[in-house]
Amino acid sequence: MELLSELTKEKNVLCVRLTGELDHHTALELRTELDEALKDEDVHHMLLNLEDLRFMDSSGIGVILGRYKTIAAREGEVVVCAISEEVNRIFEMAGMYKVLRLEEGEKSALRTLGVA
Amino acid sequence: MELLSELTKEKNVLCVRLTGELDHHTALELRTELDEALKDEDVHHMLLNLEDLRFMDSSGIGVILGRYKTIAAREGEVVVCAISEEVNRIFEMAGMYKVLRLEEGEKSALRTLGVA
Amino acid sequence: MKNEMELSIAALSQNESFARSTVAAFVSQIDPTMEELTELKTVVSEAVTNAIIHGYDENPNGRIFIQTSIEEDVVTLTITDQGKGIPNIQTAMEPLYTSKPELERSGMGFTIMENFMDEVSIQSTETTGTTVFLKKWLTKSTLPSN
Amino acid sequence: MKNEMELSIAALSQNESFARSTVAAFVSQIDPTMEELTELKTVVSEAVTNAIIHGYDENPNGRIFIQTSIEEDVVTLTITDQGKGIPNIQTAMEPLYTSKPELERSGMGFTIMENFMDEVSIQSTETTGTTVFLKKWLTKSTLPSN
């Protein structure tokens, strides 16, 4: 039990709350889970709440970019919120903010995606 | 900071509260500290409160028996309280209860040593 | 006082977290900051993952060797595999370059190592394997705990 | 699935706690109970301390090798030093026997190992060193986490 992911759907947004450590090992499980949820074609956007993500390495970048492609094909957005300083540095190094948007909290992030 | 020891004197009892892990490495420091405190010849008894001792191996047996000798020479008692099940098993294996007495809590232990 | 340990693990992905926390536990002896500890964990994770995915093509019979030494405020890491090696180190180190896009690798492993460590050097021979040397000077270090 | 790691440390007393927590972290993969974990930590601590004090007479240049393997619900530990060896294993294993009473050793190390593990065996040659083999079947084990 190294990574827990809580998935909920708010209107057309897939909300993903990650708890624990995201590395190559846990990325494999997460990818499967997210792809399952993204089979639901009503989902247009994805919101990643990283508040309880204690660790992430470059495997996390890969798994997020992979799902971004699906969302982008639906002309949706990927929004990240509650990111830690360390994870933010990795996001910046990888140029992630060219394709995804950063918000402070889950509430405000959802609002920008049209969920009240 | 693997082992913290808090030493106080209640009447003629040296009270020792151990927090952390007692092994060969930390036993060396503890021995020095206890021997320093036992230079005070008013000390007749020693009370070991092991409530916050998370780990102990046979090095702990050695350091306690060594101090027991000093106390026994003064015709005092060594009393142990708030011991965990694991540490208790090691005490029993080593036959520690032939020379020292077990009490549940610090208060009752102090009372048996004549401290109100 | 100098202290040193060597860890050898099977090339299994569940050992990635074990490897990085073991290095972190060892380095904790010289009181790194939480940030430095996270950086060290991240680079160990990157190098061990590379050995598993690239060095051994996920063959669990491979072994990975992680040497850690601490001396005063300097941490040295050496992560070695006896896998297939890197044909072109220059190319491999370019940000975003990956030879395994099909596994959703991001090509950011070496870039992260270079950002989080003070020295990175790679030695690799095709068919005999790869060694990554990493070095970091801790900033807020105190004297070694002994 | 079987998993295995090997740790090599300098014979420094501050590595005793590092060694036992590393073994505990590794074995955690197969969900031991807290009690079993404490027992494993204790025996690692005993064997590593013996290597430092008896095997190497506290010479920090000595190295200690700790091999841990987990397979289903069985934990196997092998702790090796290349120190002075044990002249008489029978005597050494007797409860309360110690060759270093002046260091306040209690002579309980091997007794604890025998109580906390299901199998204990010792191999030792004077001048070439000592290996302690330890084996434990976990009771409340679940399937390996992979």
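For this structure, a couple of remarks:
We just call them A, B, C and D in the order they show up, numbering each chain from 1.
Following the convention adopted for this analysis, a residue touches a chain if its C-beta (ideal position, glycine included) is under 8 Å from a C-beta of that chain, and two chains touch if they have at least 3 such contacts.
All figures in this text were calculated on a predicted structure; none of them were measured in a lab.
Averaging C-alpha coordinates per chain places the centre of chain A 26 Å away from that of chain C. Between chain B and chain C, the centres computed from C-alpha atoms are 44 Å apart. With each centre defined as the average position of its C-alpha atoms, the distance from chain C to chain D rounds to 28 Å. Touching of two or more other chains is recorded for residues 14 of chain C. Taken together, the touching pairs link the chains end to end in a line with two free ends. Of all possible chain pairs, the ones that touch are A-C, B-D, C-D. Put simply, chain D touches chain C in their complex at residues 1, 3-10, 12, 14-15, 18, 21-22, 25-26, 29, 145-146.
Interface of chain C with chain A (complex): residues 13-14, 16-17, 20, 35, 38-39, 41-42, 45-46, 49, 52-53, 95-96, 103-106, 108-109, 111-112, 115. Chain A contributes residues 2, 21, 23-25, 27-28, 31, 55, 57-59, 61-63, 65-66, 85-86, 89-90, 93-94 to its touches with chain C in the complex.
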